[in-house]
Amino acid sequence: MILGKVIGTVWSTKKDENLVGSKLLIVKQLGLDFKEKENFVVAVDSVGAGEGEIVLVATGSSARQTNSTKNRPVDAVVMAIVDKLDISSN
Amino acid sequence: MILGKVIGTVWSTKKDENLVGSKLLIVKQLGLDFKEKENFVVAVDSVGAGEGEIVLVATGSSARQTNSTKNRPVDAVVMAIVDKLDISSN
Amino acid sequence: MILGKVIGTVWSTKKDENLVGSKLLIVKQLGLDFKEKENFVVAVDSVGAGEGEIVLVATGSSARQTNSTKNRPVDAVVMAIVDKLDISSN
Amino acid sequence: MILGKVIGTVWSTKKDENLVGSKLLIVKQLGLDFKEKENFVVAVDSVGAGEGEIVLVATGSSARQTNSTKNRPVDAVVMAIVDKLDISSN
Amino acid sequence: MILGKVIGTVWSTKKDENLVGSKLLIVKQLGLDFKEKENFVVAVDSVGAGEGEIVLVATGSSARQTNSTKNRPVDAVVMAIVDKLDISSN
């Protein structure tokens, strides 16, 4: 999964009918030091993530394994909100 | 999903029989400032997107989850037209 | 899908039994100006593409959605021959 | 598969219900000389890997082929702990 | 598929139970001039490839379409040994 930060949302009226009601989050990729990278991805929310939150994003067919995304044409889902990272000191 | 802009179409007479009738869009990847990047992808249209429109593209097996793409050999689909992006100021 | 140009073929005697009879094409990735990029992919032919032709390549599980590739261990298929690109002038 | 080194874990209380009990490892990608690269991935543990261990990570839908990950929204799994690499001298 | 060269093997005692007996090959990516690139992938052997041999590697879910890899958590398989490349002169 990718480590990222929710920085906004995408508004879309005209979209695949199965996506009505889905929240489309803009997620910037983060380094382990929480610095934002250039890359971003648009991901469907499945855990109630809000702006500013650190999250994990699953991509590909795995993005369709949540109740909010099953059988939908989405290739990225926010499936966890991160509390903290534990990184070994050596 | 990838943020992109429809900049043209691909014409193809000789293609997989399941693709007859599909519209093949050329989509340039965009940054959050709507600046075009070098990368582009050819994606099947599923929402009636036209040239100049800002769209989302789903890739991989997720691209086959629309009525226009089911069981077809396509790995990218335009599944939403973007109205606007809401990006937090901090 | 990726825009590419067929520049050759791969010969292989010892391969997965399901691939016997499949033509393995070497496809160089192209820019929108038809300039060849450094990247290339080896893809199974499903439309009778020959050397020098401009094609589209579908990758991942989508590459297995043609009659020539179903259930086979291939992750790239040539599924269309390109007649021309229509790119908007603005 | 990717060669990597477990350098930490991700703590997450609010996550997809199917992920409760899964251990989320932070895995840095390694070169063949075991030098850490910049890239990292968050992967579910399926073999009891601990910090500092050299592992293999499978990504995409293949990450869901273990008992710990079946039908879950995860796109990366640690599926082997590496004892050693045998690299030919020529 | 990726063009590569087998340069070694990975030894692993502790791995997913479905992988017992699988040979894990280290494959360096090659250019069309057979020069080794920096990238490498660890792939399961399905055709009896040995060190020094030029091979094709299929990745993603396609890597699970051989008898040696079905339903296993592997995302790369060596599915062909390359005899030669035929590249057009123009």
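Going by the order they are written in, the chains are A, B, C, D and E; count residues from 1 in each one.
Methods note: a contact is a pair of C-beta atoms (placed from the backbone, for glycine too) under 8 Å apart; a residue touches a chain by one contact, two chains touch by 3 or more.
None of these values were measured; they are calculated from a predicted model.
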Count of contact steps on the shortest path from chain A to chain E: 2
Chains touching both chain B and chain C, listed by label: none
Rotation angle superposing chain C onto its copy chain D by C-alpha atoms, nearest 5 degrees: 145
Length of the line joining the C-alpha centres of chain B and chain D, rounded to whole Å: 31
Inter-centroid spacing, chain D versus chain A (mean Cα positions, whole Å): 19
For chain C, residues contacting two or more additional chains: 60-61, 63-64
Order of the ring members, counted from chain D so that chain E is second: D, E, C, B, A
Of chain C, residues touching chain E in the complex: 7-16, 18-19, 24, 26, 40-43, 51-52, 60-61, 63-64, 71-76
Footprint of chain B on chain C - complex, ascending: 1-3, 32, 46-48, 56, 58-66, 69, 77, 79-88, 90
